[in-house]
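What follows is a group of structures, each given as structure tokens.
The following pair of complexes shares a single chain, chain A, combined with chain B in the former and chain C in the latter.
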Partner chain A sequence: MSTHTGLPAKRKAPGSPPDVNANKGRRRSPTRVNPALYLFPLPAVAVIAFFLVMPTLQAFQYALTDWNGFSAAFNYVGLDNFIRAFTNDSLFTNALMNNLKFVLLVVIAQTFFSLILALLLTKNSRGSVLLRALFFFPTILSSVSVAFIWKFIYDPNFGLANAVLGGVGLEALQSSYLGNDAQALYWVAVTQVWFHAGQMMVVYIAGLQAIPRELYEAAEMDGANKWQQFKSITWPFVAPATSIVVAYTTVQSFKAFDLILGIAGNPPKQSLDILSTRIYSTFANSEFGYAAAQSIIFMAMIALVTWLQRRLLRLTPKGE
Partner chain B sequence: MSQISRRQAIALLGALGFGATAAACAGPGGSTAPGGATGPAAPATGDITGKVSFAHWRGEDKVVFDELVKRFAALHNGVEVAQDISTSNDYNAQALQKLRGGSIGDAFATFRGSQFKNFTEAGIYTELKDSKAVSNYQEGLLSAGKSGESQLGLPYQVVFPMPMANVDLFDKAGADLAPKDWDSFLAMCEKLASSGVIPISWPGGDVGNGGQLFNCMIANNAPVDDMCAQIEQGKLKVTDDWFIKMLNQYKDLVPYLQPNATGTAVEPAQNLFSQGQAAMLATGSYHIAAVRGLGAQFPIELVFPNTSDGNAKYEGVYNATFILGVNSASKNQAAAAAWIDFLSEPENAAYYANETAQHVSVKDVDYTNPDLKRLSPWLDKNTALAARFQFQNLDVRNAVEASATAVISGTSPEQAAEAAQKIVDERI
Partner chain C sequence: MLSSITRRGILAIYAVIIIVPLTVVGFGSFKSTQELFAGPFSLPQSLSPGNYAEVIGGQDLGSSFMNSVIVTAISVPLTLFLASLAGYAVSRLKGFMSWAIFGFLVLGMAIPAQANMVPLYVLFGRLGLLDSLAGLVLANLVSTLPIAVFILGGFMRTLPKELYEASSIDGTGPWRTYVSIALPLSAPSIAAAAIFLFVIHWNELLYPLLFIQSPGNRTLPLALLSFQGEFQTDYPLLFAGVILASLPVVVAYVFLQRYFVAGITAGASKG
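Moving on, here comes the complex of A and B:
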């Protein structure tokens, strides 16, 4: 039985006869491993193939059909589903616009607030650690719990928001929040930022703590004020962290499915319908082929927006 | 052990990838609908034993069904019924996919309308025409479970999707519980408002519950009984005069709804009613148990918002839903059918009805629940079958109902109707 281990061969004892295979052995790369090791990732590859690659490929095929999700019969409709999404479905274009607006709001607000929090809480003092834990706390809640908490905060009759405004004499500012179509998306964006800013703060703190203190000391000696220090030292050094925060927040905001469904109900009204909830509604409406086409557009949209962000913001140096 | 070369390993991974790609290329809809060309078959017969999965959405009825399961198990040795409960929205969206394989939902329920139709088209129902259960139902209430000549499902519940009224507040205000026309309905609301209460608590922030009022508002306004089906087919338009008139009547209701009604979820709306702050809850009789659970002690009646000018065709609306069926893909159809038969016996249906405060379609049921006793006369009134469940396309339904919500938010009826019609037109 072969016992090839892939490990380097044992060193030869001094005075032993020359190995006839020595030259052959010497030609082998020192990093060469037993090819059987290539089989080790096989279970992971199989799982990814069957649960990720295959359904994704299937989605491409279904997107070209009018399949309703349960019938044996279906027709190939070419690109009709894609054309319909952009030219003859105002619910889809409404969801797309809502989603882009939501992403923009959340990315700007969440990046800003998480950076501010991180700057204020970078030091490892007891107070900072406590506050960090407090701001991080919403992250460990389930999105459905967060949705229900905020649904009741926003309730116009018994909710905390109107109660507080009423309590301090600001009745004029009381609102129906989620019931106001012009404002509803902004209120959900507030919830999303509250939910995830603490998590992004941690990413920023890790970036901030990696900046050498000497740079700030040198800048101070050169007479740089706090803003100049931030502009010339902090911001360039946290650029990789910003890249992570922006990309993660973008994807997260595109996929705020459970939060929207929890806070706005199923199906959400048009002012709160985003791409993921629209796709779900289309599936529920027994339009499987069309929903698959919408999913592909959704996937392409996330990839495009993330790529554009990285290009426009130039947050990562070339080659990284 | 024989060694594998790098080339072989890569070939193996490549084959795996090719296999996945090939499998992905298999066309959709690979399984044919059970039932075949001869139509759905009756549930298989055999021993009433083994496990039965009962899929439904009524989480609030779980305890009552648990008790019925115990009684059923006492009758049939070795049978076990497990409830598979989803929320109503999830059930509406996912039940068909979950039940097709038959691993859950040997017995199940569906909503009337698009879900029943989809289940029928997917061949999930079996034929219950000759079942023991069917003879226990009131003939007139079975239509919601019919498809052509087949009786595929048995609509178990009868609900009245009409505003519930706090009779004490009505008495105090001297308001009429049975307005004969739209003007007298508004006069009734005015009296309630003058007595210091919110006339109507309406969950406008909840699409499903907020939309129930639509059933009442459209019943006497529409020129035909299948108005929603005709809107969906393009034969009627929501920009037609009769629909605009209905939207204007929604506008009339604005002063009588709680402030910021379009942002109110169903739970706060129930609270306003159960705490006596609102005289009516514009959802339906299916919320009686919920408001009693919130502490409502007052007598409850139903009020029909009569939109007519005095010549109303209907004096209320009802819905026959929770359509029970036996799954054609079930491996234990005999026990599942026996469970449906058991639920359909008057004694067991009465237990279900009285404990959940919901009327049932089963004949000869003795209602002992005080709320059901009070509301039982509605079973004999001239009521219309709830119209919103005629919609087969949920996007169309939501768009049409959203036009009413938009009017309550302040949009003009004409603009709201135009916006809704655009969505309908895109889906015809």
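Moving on, here comes the complex of A and C:
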């Protein structure tokens, strides 16, 4: 965008055909586009069109049918699948509510937590760099591996969590964790934050390091305390990082499919069923049409929640 | 903003929360079930590879490991190749076409894999790609091409256009310019994208779960998942599987840490 600044007059020229103000007018032939260049994106465009765009459009078509995936015959049932999902399928509404709760928990906890870690590790000292590498580490593991590690931590009889609590005399806090249907989703949320907080911390550190130090020095001279400095310098300046962290965490926790299957088994019990696992179960049950309708609701949910967050984040004061 | 002692305290506690479970898993993979339950934090009595022998040979994780190696070794370079071709074209084309191609390719990031699994399954069935490693390679390509184009195209657009113009004055064709100018100059972003894709493809679970039926075609994450039912509480065996499945990524992380952080953060900051 900054390249425009050199040519303000040319940009404004009224009625000029668009290809004339191609970057530099001095040599015409070398800047002309070689038609062979259009061949380069062709493989990628073909793959995306055929295997991503077309199937996604087809999902809308399947969603209006009662197709079971195998028989040649099926009927168009209009919006029945969508109506069924919201009014007549407690498994689906249960998964939807679980998923929204899970997203809310993880987004709040992970954003807060990764910001704290980033604030503590902003400086590039040797210790900070080492700890950043450590905190980032879980992100690279597979979800199934992380699920197995935490299954052992949460094991009610032999698990680490209860062993540690017992060791320090806090038997009262011992729990059956995943076995307790009222708590299970919270414990999986803890696992998800352990899994990815380090990744979001790195996003925050990049944002924090871009804040000019002079601002803090000036604020200090004006007698602002640390909390005031955070509120009026740090928080507004990391707003872009916050919106990245929130958006990414949202999509990530909507799609926590692997982690849920690893920690809760396939199919997961009701208290741990989320939208993606429910879609998979419906699909595995040969209800292709209904599963397609559920996936469209799933996509719409992600879009809706992301949009709501953008609006909410815009409401927070941005400072100067 | 926090006193030095509080800061150290928080960091130390979190470090413990990360390190302890990982250590328990590492030690535990050499223990028997009784030994693990009796003292989860203690060093293993011996470094007997019994659990590893059991998962690799007995449970055939060895062949799943090879399947994962084959799929990842093909799908990562393939995705990088297609994405860099597209990114290169986008960086050289101008105006609407450049914008339209980039937009079309990158839009796919908004479609979650779980959302189109039904039609993709049907399509792969018609093409005879179910239950094959080739199908998994293609699925990895489809699901990560948009973000790879986003990372590589985004970087290549920042390369100075003069470089391209100079080489086209010399009469060099676009392919030569791609190979000898665009690719070498984009090396840092290609490395970051390669790491990002490696982690995603190596850990991919959804597509193997959807497509693979024969045990002989399982990749590591799918094979691990199937352990869960069979060895409900045989944690040492599960841990040996976890270590085996994580080893390549961990080794890469130790040596290429800088690119990991760059790649996975670039993947995250798609906004």
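Everything that follows uses one rule, which is that the second predicted complex is superposed on the first by the 277 of 320 C-alpha atoms of A that agree within 3 Å, B and C clash if a C-alpha of one lies under 4 Å from a C-alpha of the other, contacts with A are read in each partner's own complex, and residues count from 1 in each chain.
One rule holds in what follows: contacts are C-beta pairs under 8 Å (C-beta built on N, C-alpha and C of every residue); 3 or more make two chains touch, one makes a residue touch a chain.
These figures come from a predicted structure and were not determined experimentally.
Asks: Could you say whether A:Gly69 touches chain B, chain C, both of them, or neither, answering first, second, both or neither?
Replies: both
Asks: Using the touch definition from the top, say if A:Phe136 reaches chain B (first), chain C (second), both or neither.
Replies: A:Phe136 sits against chain C, while chain B stays out of touch.
Asks: Taking the superposition on A as described, I'd like to know which of chain B and chain C A:Phe283 touches: first, second, both or neither.
Replies: both
Asks: Residues of chain A touched: more by chain B or chain C?
Replies: The partner making contact with more of chain A's residues is C.
Asks: Determine, under the contact definition given at the top, whether A:Tyr248 touches first (chain B), second (chain C), both, or neither.
Replies: second
Asks: So in the superposed three-chain picture, is A:Asn180 touching just chain B, just chain C, both, or none of them (first/second/both/neither)?
Replies: So A:Asn180 only meets chain B here.
Asks: Figure out whether A:Ala291 sits in contact with chain B (first) or chain C (second), or with both, or with neither.
Replies: A:Ala291 contacts chain C only, not chain B.
Asks: Take the contacts of chain A with chain B and those with chain C, and give the residues found in both.
Replies: 34, 36, 38, 45, 53-56, 58, 62, 69, 151, 155, 158, 265-266, 280, 283, 288
Asks: For chain C, which residues count as touching chain A in their complex?
Replies: So the residues of chain C in touch with chain A come to 1-2, 7, 10-11, 14-15, 17-22, 24-25, 28, 36-37, 40, 82-83, 85-86, 88-90, 92-95, 97, 101, 104-105, 108, 110-123, 138, 141-142, 145-146, 149, 161, 165, 168-169, 173-175, 178, 199, 202-203, 205-206, 209, 220-221, 224-225, 228-229, 233, 235, 238-239, 241-242, 245-246, 249-250, 253, 257, 260-261, 264-265, 268-271.
Asks: Quick one: which bits of chain A touch chain B in the complex? Just the residue numbers, please.
Replies: 1-2, 4, 34-36, 38-39, 42, 45-46, 49-50, 53-58, 61-62, 65, 67-74, 88-91, 151, 154-159, 174-181, 264-270, 280-286, 288-289
Asks: If you look only at chain A, which of its residues touch chain C in the complex?
Replies: The contact residues of chain A facing chain C are 18-19, 22-23, 30-31, 33-34, 36-38, 40-41, 43-45, 47-48, 51-56, 58-59, 62, 69, 116-117, 119-121, 131-145, 148-153, 155, 158, 160, 163, 194, 198-200, 202-203, 206, 226-227, 229-230, 243-244, 247-248, 251, 254-255, 257-258, 261-262, 265-266, 275-276, 279-280, 283, 288, 291-292, 295-296, 298-299, 302-303.
Asks: Can you name the residues of chain B that touch chain A in the complex?
Replies: Its residues touching chain A are 1-10, 12-13, 16-17, 19-21, 23-33, 89-90, 92-94, 96-97, 100, 114, 118, 121-122, 204-208, 258-265, 268, 271-272, 393-395, 398-399, 402, 405-406, 409, 422-423, 426.
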